[in-house]
Amino acid sequence: MNDNRSVKEKNLELKPSPEKVKIAAFLCKWCSYAGADLAGGSRKKYPPNVIVIRTSCSARTNPLFVWKSLEKGLDGVLVSGCHPGECHYSEGNYHTRRNFAVFRKLLEYIGIEPERFHMSWVSAAEGDKWAQVVKEVVKTVESAGPNTYFSKKKEDNA
Amino acid sequence: MMKVAYYPGCSLHSTAREYDISFQLVCRKLGIELQEIPHWVCCGSSPAHVTSHLLSIALPCKNLILAEEMGLDTVVAPCAACFNRLKIAKQEVAEDSKLKKEVQEVLGKPSAGKIEVKHPLQVIIEDVGLKKVEEMTRRKLQGLRVASYYGCLLVRPPSVINFDDPEDPQSMDNLVSALGGEALPWAFKTECCGASFSLSETDIVFELSGEILNEALEAGAECILVACPLCQSNLDLRQKGIEKRRGKKFNLPILYFTELLGLALGMSMRQLGLSRHIVNPSKLLERKLAVT
Amino acid sequence: MARIGVFVCHCGTNISATVDVKKVAEIAKGFPGVKFATDYRYMCSEPGQDLIQKMVKEHNLTRIVVAACSPSLHEKTFRTCTQNAGLNPYFFEMANIREQCSWVHDDREEATLKAIDIVKLATAKVGKNNPLQTTFIPVEKKVLIIGGGISGIQAAIDVAFNGFKAVIVEREPSIGGRMAMFDKTFPTLDCAACILTPKMVEVNQSDLIKLYTYSEVEEVSGYVGNFKVKIRRKARLVDENKCNGCGTCWQRCPVRLPSEFDMNLGKRKAIYVPFPQAVPNVPVIDQKHCLYINKKKCGICKKVCPFEAIDYEQEDEVIEEQFGAIIVATGFTMFDHSIYGEYGYGKYKNVTTGLHFERMLNSSGPTGGKIVRPSDGKEAKKVVFIQCVGSRDEARGMPYCSRLCCMYTAKQALLLKEHNPEAEAYVFYIDIRAAGKNYEEFVERVQDEYGATYLRGRVSKIFQRNGRLMVRGCDTLSGTQIEIDADLVVLATALIARPDAIKLAQMLHIPYDQNRLFTEAHPKLAPVETVTTGVFLTGACQSPKDIPDTVATASAASVKACGLLSHEKLPIDPQIARVDVEICSGCLACKEVCPFGAIEKEEIVDRVTQQKRWVAKVAPSLCNGCGACNTACRPGAIDLDGFTEEQIFGQIESLTADKGNER
Amino acid sequence: MLEQLRKKAKELLKNKEVEVIIGYQKSNNNSFTTPCFIESEDGVDRLTWDEHCVYNLSLYLKEVKGKVGIVAKGCDVKSIVALMQENQIDRDRIKIIALECQAQVDQEGQILEKCRTCQVHIPGMYDELVRSKTSPSKIESKESDKEYSVLEELEAKSTPERWQFWQRQFEKCIRCYACRQVCPLCYCSECISEKTAPQWILPSPSLKGNTTWNIVRAFHLAGRCIDCGECERVCPVNIPLRRLNKKMEKEIQTMFNYVPGLDSKKKPPLVDFRVDDPQEFIR
């Protein structure tokens, strides 16, 4: 599907295939980021569509970051943190859970396909799970296709 | 006038006729209208629940459905085993949707699960109230020393029954005190009487019921008060045999609490069917309460 | 404008086998702000680090991105390297193109594209990094120890031995705690008082240890190095400075009351010391029962006191002190067995507990060391011990094993036999858990040498017959029912958390488990620390512990506390939250979500209106930098250094720059 | 009722319990009302009360300093509770003269949508209560169980249909921020919409910026909005904002059993949590 994409020498203008979905993943540095590192350490293969933004705790991930990602054209967003009860800050992920329980309802109501937003608990020991989560998330986001929320309309953003 | 569905169960129509008679009389006096459930079936006690779990739940559910169809919100079951089965069935069906479906398949329709199952003691203590009972008492019990024996099924398991204390129940004792009797503290209120081993392993009943009679006597009892037909029959029917085995006279009348209540409310022994007991209570009651 | 240098690592072939590192560097040169980009075989090697420092000078770089492995491996390395190059260490970001790229993708083209994105993300972030300085806070060289049992006593002695000051706050009139109530200790059978009293005296005589008995911790604020603690010194009505403990007052006091220390088996007066070896040896007036306080009659104690130490007008006093560290040594309380109907709901006088039995064993106790039936004071010859009362009972008691009951029951059975060789001891148990030095041998001895009868099974009922207790249970080993007519039943009741444990936990911001026991920072690797830096745990407030374990944790906690105090100043991670008071509207949602109590309300004068208003304030030493407050803050008044809004927005934007529909 | 209201207001001013009373007065043409601020006893005759008192006067509580009396309907009291929860007002300096309210009407005389399902005809917190003599309520059918029926139509639509619906609404937005100005809970001294570093919301009217603004506002009000409906009332381009805020209210009530504005001692739901909160949406 990305057949005609190549990285040309000195060609700094990249034009990735528009069908390839790009997903931002907000990972807490204690559990999920370490889990993703472990997936690497154990050479678990997964699709390259997910780019990780490292955060202190999943609670740092403001739900509005998720909206900003979608607003700016990313095709999907994943937020991941420690399992409940295992938060490095003891309670952070409980707040994350509440925030997103509400925010995902708002997204759906406003008309955003639920396929675009995902959450997971991945511990530092769950390299396998991380790879699995990425596979599933990429598949689901692909089913929703590229983000075209604002692309059909002319935008006058300065 | 309070109206409740009445589930007598097999015992109250046979071996425990006097429980049935006395309960009905007492209810009339206290302003409780009993409406017997038409076409009631077995409650699903021992014979059923050692055979099939589904049967043991479906049978009582059938009775609950029949009672619900009468349009009443409470069903009262005097036999402790019936009471226990109805309660358990109601709870299990409410908690287990799979079971509920199975029961529904067997019975053709579901139980709404809204009807409340009560024991007569609950009705008298919670709905009528001991204060009213006390006011209506015509014949005080004159310090009659009573050991209240609750047996196993009336208060257990507490998570289902949710009535009285499972280790040291008090409801009958409170009733006795309200009627002017002396409620004796003793430790065997909920010990096993041998239950349905009465016919198959009589020795066990001799042993266990013997212990209960012995403790009651040691505690100073003149009679034992019960709320279950099987307890009554084991303690009453087997008392002679126990006396022989232990070489000790007990001579403890085993009375239903409804009978004692009936006496206190002014009824006669004859009315209440007290002649049906094996250990004759008339001597004691004549002497203590001057009843006939 | 930041001048960014990008250094792409081959990591041997770990990265370069899948990612075209040269192309990554080449393309990175076109990212906004990037003034230099190159690749190198091993960035973490000395030549690699030298390269960074050299290029910083050569190209006048102000920000560094290293695209290599995970920051968990080398973030620190390169921060130091950045600092050595003359830049703020936080002007550095790592792009993880190994663990999260080259190792998890096979397609070279895909992996290279992703690596480019990752590097772009890092450059977008690094351009917005703030210079951060590690700050330091001074340390108050004094340790607060909450609880004056053996745990707190040992901790205080160890802190003092290390040359630091310690303050013990004890709720009761004397230190000593539960251990002071015991007769002898297993498995060596030393007399508890003989080994405890010298330690109590040592505490009392140490210049470095201050005792606040009959006192309670009321409020804790501040943070490691500078805890501010309010302590309520309850009115003793006796002046500690004047009293010399002569005892005239309590000998003459006419009011006789059950003694709590003797588990109500003995008596005390309305003015009393709980036990003869009390430290301090200063009595306290029981205000509930004192005749003078209640009826303005009597007043004998005041009349007879040779030192005029009695002061009926004395009032509670709340003092405030500062501490560098806090050791929690609040111990345990006993499970109330009166919920068990089968043991008689606590109605039978002769059904007692292990602590009652300890007091009876004690020769200076209420019975003078005689084992008697509390109902009639007659000697108890047949004693049934029941273990696991409230322990290992998920339905009605605690799910856990209380750990010491097996041992103290064995000890009590042994001492019963020593007191009266004719006596019979029966022990009902579920399992015998005697994992400790010489513990198993001890239990064996109690059975073999002393002839205690051990019955594996539960007791189903205790009832009274002819003034004796009938204990009915089963012996699962022989498969029989057993009925024992006992004089006395001793229940080994569970050790549980104190009823007000949660209150203290909230005061100290330390977590507790479903059993209200305080939770350590890590069950294996940080067993006496808590997640609140500077607060340590010892003894049974954390989980049931016997004396050796309690003493061990006390020493461990005090060493940890002294380790903190040995620093003049403590560094704090600069990647923490900060408030922009201009924007803050003072709703304090941040305070609600902060797991560390790091946010306080602060009154400021508004710059524009010149009126007073409330805003949020972050205590840097309490903030752990989770960022929950940032999300809760609607106007974006509170930000998190290291993960600022601008940094995260920059990262999001960098990913979407090529999505076509963005500007 | 009006007499009683004026009497209580007078007493409060007379006894110096308050320095000013915020209430309603007749508008110039006498058909509607406007907010008024009364500082002396003889001013209380200006106070009025009828079915045109739609404004949520708690909006002014933060601005007016000192001891304040406020005339409040049940819904307005809910916002006072919410402001107390968020440390915005000090209950001690406020006297609430609460009015039993049957319903308020719009300019056409139609009963307001929110009043049809009102459950606080009698306010939940007050210092003085003025009861209505004309019960029973004007609204004959009890509709409180249909609280969220206003959402049903939109909820039944497909996701793309909802996107279209809202896009058509947000398209209209002129970013006048009247919704924010009139909202008692939009009390931030500096709104996130004004923030430039980073810029959360494109400042000029654009579909993208408008969508973001409305999403941000809905989320910032989630668990806090007490449904006074003022934002929707003042919106010059008629964006159905209540349908956004009510949706958040519904979800939060379903998931966390929390209704805003009822209990000043409770923590707002989005700064609180339970260990067993729902998480079926998390992998």
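Labels for the chains are A, B, C and D, by order of writing; each one numbers its residues from 1.
We take it that contacts are C-beta pairs under 8 Å (C-beta built on N, C-alpha and C of every residue); 3 or more make two chains touch, one makes a residue touch a chain.
Since the model is a prediction, treat every value here as computed from it, not as a measurement.
Peer 1: Please tell me whether A-C or B-C has the greater number of C-beta pairs in contact.
Peer 2: The greater number of contacts lies at A-C.
Peer 1: Most central chain by CA mean?
Peer 2: C
Peer 1: Any idea how many Å lie between the Cα centroids of chain A and chain D?
Peer 2: Here chain A and chain D have centroids separated by 36 Å.
Peer 1: Compute the distance, rounded to whole Å, between the mean C-alpha positions of chain B and chain C.
Peer 2: The computed centroid separation for chain B versus chain C comes out at 54 Å.
Peer 1: Taking each chain's centre as the mean position of its Cα atoms, how many Å separate chain A from chain B?
Peer 2: Computed from C-alpha means, the inter-chain centre distance equals 66 Å.
Peer 1: Which residues does chain A have that touch at least 2 chains other than itself?
Peer 2: Residues 63, 68, 91, 95, 99, 150, 155, 157-158 of chain A each touch two or more of the other chains.
Peer 1: Can you list the chain D residues in contact with two or more other chains?
Peer 2: In chain D, 200, 270-272 touch at least two other chains.
Peer 1: What are the touching chain pairs in this one?
Peer 2: A-C, A-D, B-C, C-D
Peer 1: What does chain C use to touch chain A in their complex?
Peer 2: 20, 23, 26-27, 29-30, 70-72, 96, 98-101, 103-107, 109-114, 116-118, 121, 511, 531, 575, 593, 595-596, 624-628, 630-632, 640, 642-643, 648-649, 651-653, 655-656, 658-663
Peer 1: Residue numbers of chain A touching chain D in their complex, please.
Peer 2: 63-64, 67-68, 71, 84-85, 91, 94-95, 97-106, 108-114, 118-121, 133, 136, 149-150, 153, 155-158
Peer 1: Given the complex with chain D, which residues does chain C contribute to the contact?
Peer 2: 582-583, 585-589, 592-593, 601, 611, 614, 632, 634-637, 645-646, 649-650
Peer 1: Given the complex with chain C, which residues does chain A contribute to the contact?
Peer 2: Residues of chain A touching chain C: 2, 5-7, 9-10, 12, 14-16, 18, 22, 24, 29, 33-34, 36-41, 43-46, 48, 51-57, 59-63, 65, 68-69, 72-74, 88-92, 95-96, 99, 131, 147-148, 150-151, 155, 157-158.
Peer 1: List the residues on chain C that touch chain B in their complex, please.
Peer 2: Within the complex, chain C touches chain B at residues 340-342, 345, 461, 463-466, 470.
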